[in-house]
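Please read through the structure below; I'll follow up with questions.
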Amino acid sequence: MSLVIRFGVAMASSLLGKFDHLITRKGYKNRSEAIRDLVRSNLVEEEWKIGNKETVGTITIVYSHHFRELTDKLTGLQHQNHAEIISCMHVHLDRHNCLEVLAVKGRADKIKKIADTLIATKGVKHGKLVMTTTGESL
Amino acid sequence: MSLVIRFGVAMASSLLGKFDHLITRKGYKNRSEAIRDLVRSNLVEEEWKIGNKETVGTITIVYSHHFRELTDKLTGLQHQNHAEIISCMHVHLDRHNCLEVLAVKGRADKIKKIADTLIATKGVKHGKLVMTTTGESL
Amino acid sequence: MSLVIRFGVAMASSLLGKFDHLITRKGYKNRSEAIRDLVRSNLVEEEWKIGNKETVGTITIVYSHHFRELTDKLTGLQHQNHAEIISCMHVHLDRHNCLEVLAVKGRADKIKKIADTLIATKGVKHGKLVMTTTGESL
Amino acid sequence: MSLVIRFGVAMASSLLGKFDHLITRKGYKNRSEAIRDLVRSNLVEEEWKIGNKETVGTITIVYSHHFRELTDKLTGLQHQNHAEIISCMHVHLDRHNCLEVLAVKGRADKIKKIADTLIATKGVKHGKLVMTTTGESL
């Protein structure tokens, strides 16, 4: 745990009023927490731009398990990248469609590559990579 | 399964050359699949803009479990929304940090609201909502 | 001009150190200004989600003026929306390609509609809408 | 002008129906043009990720001209980057607020740097970079 520092921010009351209104609606209990969240989001974005840092992501894909050999292919791809893919959650959306979410840890560029490959697989209907963080020193 | 239709697309060879190069790098096996993915992404984006359709998302959060009562609070929030939250995966990132991914199904605006509330919770360091799809008719 | 209020923000020194590093690199002279910018961006984003507020945008398009009747068509479309389109800047990128930027003021949903129509016009190679603000009370 | 190639795309009729519906609403006259736009957007995005290619952008900023010495500072910054900044459009939004749009041509990373510096300037309320293209071979 690192030391907590308190610093002052100057803001026009009209701007502050609008911000307070927004964060209340989003469920924030106080202004400091909302500002820390903006700061952290900003830092996480930058971390991913650099590319060679170890970081954490989640990959969400939706596909139909009826698609010929798709389940096998996706399992194969995931095992080829077992060093980065920590864990996987599978949800049965309906009789046909599957939602799969993978938790991934590794270099930003490597994680992007894995996401690209999974999303490009024939039969995967939609996919998205979330670029998040190891949480260290944030 | 719906009928497959084949239609023609006209494209300047220089543009097509660049596209073929990009999709090969991303791991696509053929052009049709890459174009279907662009089309589907475009449709999923629109679905989420409308807001009142039933759809599927995943919410990724990173937090420290040392943070006072945070685990209880997050569990409480999730149970309040048990109708939408289908399933949850928890990953122990290191001694302090947790990654949690929730699979959520419901109206787009309701899912956004749940994501806002979880991300706004004090102690949650980073959070992101993936707006995906039920997969129906895609 | 509205009253300036000064309030305190608490932040772990490790997080603050990373933030200071980032904003120095981006050219910020002080922390307050960087935080005000994060807050304003956040508010502008929300303003555009609501849709029915009067706001300001810019529409950037790139096209080839050789394309049959495109210049006439684009001029026509802009005049049909003269109530919203304030001004237009045209740049000759090379012998063939034009960059055009339109400053637009009106309801968020109306501005989006104008952008969609211009970008969808055959011969327009690329287009983007910037959703900014009237600047009032920000 | 490069050769036009015609190729076939296979798509489930349900997916195609949804896509046709969306593009009609956006104002597209035919499917080929909508698909070319998706392809071009995808390519432009990649071009900007690479960073060292010459490309084109527009920078939109909103500021109050009452802010002490801001107009001078912004003019100074723009002249320091006159090699990249081609042209500038200024709109008087109201008694206080200005909208300025800059057309910029140069290396992607250099353009990003200029945008960062302008947006970070004290008194600039909101700013956005549009990453577009020279239009060559698109």
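As written, the chain order gives the labels A, B, C and D, with residue 1 at the start of each chain.
Please note the rule applied: a contact is a pair of C-beta atoms (placed from the backbone, for glycine too) under 8 Å apart; a residue touches a chain by one contact, two chains touch by 3 or more.
Worth saying up front: this structure is predicted, and the values here are computed from it rather than measured.
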{"item": "Touching both chain A and chain B (chains)", "value": "none"}
{"item": "Interchain centroid distance [CA atoms averaged], chain A/chain D, Å", "value": "26"}
{"item": "Contacts with 2+ other chains: residues of chain D", "value": "1, 40, 138"}
{"item": "Overall pattern in which the protein chains touch one another (line/ring/star/complete/other)", "value": "ring"}
{"item": "In contact (per the touch rule at the top): chain pairs", "value": "A-B, A-C, B-D, C-D"}
{"item": "Chain C - residues contacting chain A, complex", "value": "1-16, 18-19, 22, 31-32, 35-36, 38-40, 42-43, 46, 137-138"}
{"item": "In the complex, chain B residues that touch chain A", "value": "1, 23, 26-30, 33-34, 37, 40-41, 44, 56, 58, 60, 62-64, 66, 86-89, 91, 93-94, 96-99, 101, 103, 105, 116-117, 119-122, 124-128, 130-136, 138"}
